[in-house]
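Below is one structure, written out as structure tokens; the observations come after it.
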Amino acid sequence: MTEFHTSTAEGLISNFYNTYDLEEMAQKVMPKGAFGYVASGAGDMFTLRENIRSFEHKLIVPHALKDVEKPDVSTTFDGNQLTSPMIMAPIAAHKLANERGELASAEGVHRYNTIYSISSYSSFDLPDVTKALQGTPEWFQFYYSKDDGINRHIMDRVKEQGIKAIILTADATVSGNRETDARNGFTFPVGMPIVEEYLAQQTGESLKSIYGSAKQKLSTKDVENIASYSGLPVYVKGVESPEDVEPLLAAGASGIWVSNHGGRQLDSGPASFDSLSLISKAVDKRVPIVFDSGIRRGQHVFKALASGADLVAVGRPAIYGLALGGAIGVEQVFNQLTAELEIVMQLAGTQTIADIKNFDLRDNPYDPGVLSNDPARLKLY
Amino acid sequence: MTEFHTSTAEGLISNFYNTYDLEEMAQKVMPKGAFGYVASGAGDMFTLRENIRSFEHKLIVPHALKDVEKPDVSTTFDGNQLTSPMIMAPIAAHKLANERGELASAEGVHRYNTIYSISSYSSFDLPDVTKALQGTPEWFQFYYSKDDGINRHIMDRVKEQGIKAIILTADATVSGNRETDARNGFTFPVGMPIVEEYLAQQTGESLKSIYGSAKQKLSTKDVENIASYSGLPVYVKGVESPEDVEPLLAAGASGIWVSNHGGRQLDSGPASFDSLSLISKAVDKRVPIVFDSGIRRGQHVFKALASGADLVAVGRPAIYGLALGGAIGVEQVFNQLTAELEIVMQLAGTQTIADIKNFDLRDNPYDPGVLSNDPARLKLY
Amino acid sequence: MTEFHTSTAEGLISNFYNTYDLEEMAQKVMPKGAFGYVASGAGDMFTLRENIRSFEHKLIVPHALKDVEKPDVSTTFDGNQLTSPMIMAPIAAHKLANERGELASAEGVHRYNTIYSISSYSSFDLPDVTKALQGTPEWFQFYYSKDDGINRHIMDRVKEQGIKAIILTADATVSGNRETDARNGFTFPVGMPIVEEYLAQQTGESLKSIYGSAKQKLSTKDVENIASYSGLPVYVKGVESPEDVEPLLAAGASGIWVSNHGGRQLDSGPASFDSLSLISKAVDKRVPIVFDSGIRRGQHVFKALASGADLVAVGRPAIYGLALGGAIGVEQVFNQLTAELEIVMQLAGTQTIADIKNFDLRDNPYDPGVLSNDPARLKLY
Amino acid sequence: MTEFHTSTAEGLISNFYNTYDLEEMAQKVMPKGAFGYVASGAGDMFTLRENIRSFEHKLIVPHALKDVEKPDVSTTFDGNQLTSPMIMAPIAAHKLANERGELASAEGVHRYNTIYSISSYSSFDLPDVTKALQGTPEWFQFYYSKDDGINRHIMDRVKEQGIKAIILTADATVSGNRETDARNGFTFPVGMPIVEEYLAQQTGESLKSIYGSAKQKLSTKDVENIASYSGLPVYVKGVESPEDVEPLLAAGASGIWVSNHGGRQLDSGPASFDSLSLISKAVDKRVPIVFDSGIRRGQHVFKALASGADLVAVGRPAIYGLALGGAIGVEQVFNQLTAELEIVMQLAGTQTIADIKNFDLRDNPYDPGVLSNDPARLKLY
């Protein structure tokens, strides 16, 4: 295994105007395989595309003269005052994007002040990341081992760090069909200390072998076990079917995380946003809903909240910010989305996050046509 | 601030066949930042595109042998005989397009004989524009100040000019997310004498700072205040939600102006034309409806009138006409759209504007496919 | 007026595989203005595109094992045995495509054996065309003059030729917005002897001035007048609204011709094929229905017949055949469409034209996506 | 007739990541005419495109935590244990793709262990192919002769080989409108020994003349005759209309094969997948359903099974595998689709083929937009 080097950027990113720009810019500073791993999706990348396109299936009809000024994006969740309902999505191996990896992203999230989700496949170990967070609320995304001893050991360590919730990944019991990774011959050039007990080797593993090392045969029983052993709230991530809600709540899930893993796992499934209102109806406010997959704009955040989400997780854009500006870059991405959200709130006639949650979107019966993030159109003039 | 120079064109524009041509031609004679400001939209420019595409959601089914000849586009509005129901939309800073700015556009509108809307952000002062209009009906688009004294002062001046109505802009309490302007580093290189009392500097301000100087916290109370202080009819501009109609009428609005600000403010909202029939149903003929956002063709005017509009405001095309031909160019744009409208009226089987208003459009259940104003298709043969 | 020269081709066209090919090939042998006049449509050419795209709104679901062999395309209409229900659409000035103009197209139609529609704007006079037809049934497309004396004179001449029906053009009381013609500065370089009495000059007139010379103020009264003076069946061409059917039948129309003039007149109206079943329901078999606008394939003919048409008129493809192969070329185009139709009939499980008329198409709820006649796709392999 | 040479490849194909890649790669190793014959479709290739696009009309919504591990793709059909429900579709003249033709494809299918369908137009004779199959179940696709004696002779030979079922091709009584073949001047450069009795010449025939030599006037009576003479189950292939099911079952069909011949026969008909659930409802589990036309992905197999198919036939991809890797290549294609299917099963929450059959797909009300197999998108990163 040759040494791996990626971006060491730290500082304000200049000349970007939206998160689409960041993808183009990050492609230039990250190694090809690492960038391909982050940016691509599974199979035909249908679900990846639909994740973004689907936001145009519902429209924000502005309300006139609603007495709004300086809209307030802040929210309180589980006793924590957050800058906004946007949180950091769990993502493997931040070292792919920046040498300082999770240390920098945690620092950036601390600066912005929101929930940080650390992946089991973090490239830094739990205590280091927790330290970098300086008290910012931290959640742990669990890739469950086949070995219950290892699972208990990991949970013990998680609790030691004061982590506030466990996210059980339900949509990744095997690797999605990541053709980009296959074409690029991508394997992880960085280690994953949290799960080193169940990995065959320290670096050079493919996602397929890593996911293969985790437990495939997950069931609602695992929710019960995690909840009872850890005593922590368990969020089940990767829920898209309303029928799954009842059994998950019965098993003790403390929250439902609507996601299709950013279009990286099961291709040919629905856009995450298209599933959100169905899930929201099934949950009926009994537990919080977290949403991810496709967030690139402030208006996407608005639409997700108006469709039932309580928190909205940001993934790829934050990683591009990390590649381009380290901790500062991560904070800047959240600030950019926040600034966009504030404009939308003001123009839509909503003063608070609660107003957004009560906002009725209009169904768009028409095809959205071209992809909105087509660079040729965005830079037309 | 370096000096700003733009087109000084005055005279007939040659070699244009529709208003799409004008956009391409104007791009060549206007400074990049100024053109970008006029042509672009907010965010993904989804709403900008939909504004035009949406006209194909309804179809004009021609009626055969309806005894039509030389259809009559004239209309009477508020006691004024107008050449057609097409009026001049309020647009900031006409000097961006032509050194003679609002003086020339007012002259052009006078030649055509229709209502002229002057923006608070006009690059010429009220008396000069009123004079150029030579008695043509004039409406004033109000960007309300935070300072009530300034508001009253502006209304006093408006009334002095004999202006016939006030348009309260409801959809622009902050600047939309104008990425083109950001990319171009655009700030206004021209002054705005009407609102100079509430602007920080005479030139070099961004739209964001200008809109920020105006009042954010607008409410229906402001409609009441403007109506009562000015004694003039108040048109609320930027209405897209049918639920907003009742409170606005209760507050004393004399007309509803359906608009999304040409796709320049809240991106991800519906096409203005898609909202028009919903608003029209809610208004139910109690007050007049003005429509703008997306008008590029005579058939668009026809469809807007058939969907409930009483007046149809033309924006960007008139500004392109101004850039390319001054007063004559502005008149020519209105004449071009009029000529197109007359063909549509004759072929659809409608003799008068009243016939159009009674005309039933057919819903198009199919996706319109490619954008109609794709130059590659329009110049195919 | 400089002399006009166009194709003098006569003989079998080689290397074409469908009628789309012919358009590309004809563009090479016809003068630019003449080709543009034939190929283009009005305005945005939305209706032109939809005319072809719309055929994919309904699908032919084949029926298995229906005992079909050598399907029979022949039909009897008004006592005439025709090779197929495909007839020649009325089109102005065939000399634009071939020096032998209507003489050659008439000869081609005679060879194929079907109804020939001669336009008032034919570039050869009535007796010459009738002679070239050698007894093949002929219909006359009437562009009605403002002068009733001229109309009667034309009808007298029509009757002298033994013409069997009059087609009253209802959708062209003024010229559609033909931007291609305007861009090309196209005027007719050939004369129109049938209507020379009401044209200002023999050649060099624009379509706008020609249509302007004809009568604008057409009404159902004109149907009555033509029927009563000529004693011939009157087909009203350009009907797209079901509401128009009843008044037309009451006025004595002997047939309804569903058409939007090939997308050349009112742009922004529906595809002709999308209107056909609505009209068919309104007509309810009381009179025959002729259909045109968009026929490029045998399957289009099949779908039109299955949607209520009794005859299907072929326009542009025949003119391209004329340009590329004279009389033989025209016949070849009809033969090509016939061969395609026969394949469709055999594979769909329909032995006769009557079987097609009883065939149920399946609605296609999905967007047809790309234009089927995209050359890049048709020549992919 | 000049000698014909094609690929002689035998061995593992490298550097392909999905079956779309194979099409691009096969184009490089097969003669142009042969490749065009295999890859292209009829007419506008609308149905060809829709065959693939249509899979996005239904979506796989994954179910969370369903206790799945190492999903089992195996199935039992008619007493045979098969590796998966994927079988080899009947395709003419495998020698076009590989010198070893059906001998190699049979060997590949034997290695994979599934049903092999041999075409009447096989380029190797029945006994040779049967021998290469080494006991793997074999079905015979019958192109019925006009001559009943020949038909009986062929059936005698079929029975001698121990073939287990006869597939009666209902959708190819004449050749579809194969323009690619016409453009390429393609005729079969290889012989077809099984039907040599009814072909005019050994090589150099067009598909049109070959299909023309077979019987056109097929009816349900032929199903009865084949079933009664052969004593074998008869599968009717090319069924898309639910109304056809009842008569076919009444005539003794033992199975319904939903297919549009890969978009090669009747263009302008529905995607095969769009017909599948309609047929499935009509069949109501009385007989097995085989599905083909458009299978390129494991997820397509999943969706077909969930929509009522019992077996799913793979056509073009297997032929590309044959061209690129002989027997090994064919096996590899089945393995590739199997691997994709296993990922989908695991992620969707389905342990067995029976689970897939009970799986509810979600209707996708939105247009799938761009073709998923657009290489520019698939190789984006």
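When the chains are written out, they are named A, B, C and D in that same order, and each has its own residue count from 1.
We adopt the following convention: a residue touches a chain if its C-beta (ideal position, glycine included) is under 8 Å from a C-beta of that chain, and two chains touch if they have at least 3 such contacts.
Please read all numbers here as calculations on a predicted model, not as lab measurements.
Chemist: Common contacts of chain A and chain C?
Modeler: Per touch definition, common to chain A and chain C: B, D.
Chemist: For chain A versus chain B, which are copies of one sequence, does the interface use mostly the same residue numbers on each side, meaning over half shared, or is it different?
Modeler: Chain A vs chain B: different; shared/all numbers falls short of half.
Chemist: What is the Cα-based rotation angle between copies chain A and chain D, on a 0 to 180° scale and rounded to a multiple of 5?
Modeler: The two chains, chain A and chain D, differ by a rotation of 90 degrees.
Chemist: Based on CA centres, what chain would you say lies at the far end from chain C?
Modeler: Chain centre farthest from chain C's centre: A.
Chemist: With chain centres defined as C-alpha means, what is the inter-centre distance between chain C and chain D in Å?
Modeler: 41
Chemist: With chain centres defined as C-alpha means, what is the inter-centre distance between chain B and chain D in Å?
Modeler: 58
Chemist: Multi-chain contacts in chain D: which residues touch at least two other chains?
Modeler: In chain D, residues 367 touch at least two other chains, as defined above.
Chemist: Quick one: in the complex, what on chain B touches chain A?
Modeler: Listed in rising order, the residues of chain B that touch chain A are 27, 35-36, 39-40, 43-46, 49-50, 53-54, 57, 170-177, 179-180, 182-184, 216-220, 222-223, 236, 238-241, 243-244, 247-248, 260, 265-270, 274-275, 367, 371.
Chemist: Over in the complex, which chain D residues touch chain A? Could you list them?
Modeler: Touch list, chain D to chain A: 17-18, 55-56, 59-70, 297-299, 303, 340, 343-344, 346-348, 362, 364, 366-370, 372-373, 377-381.
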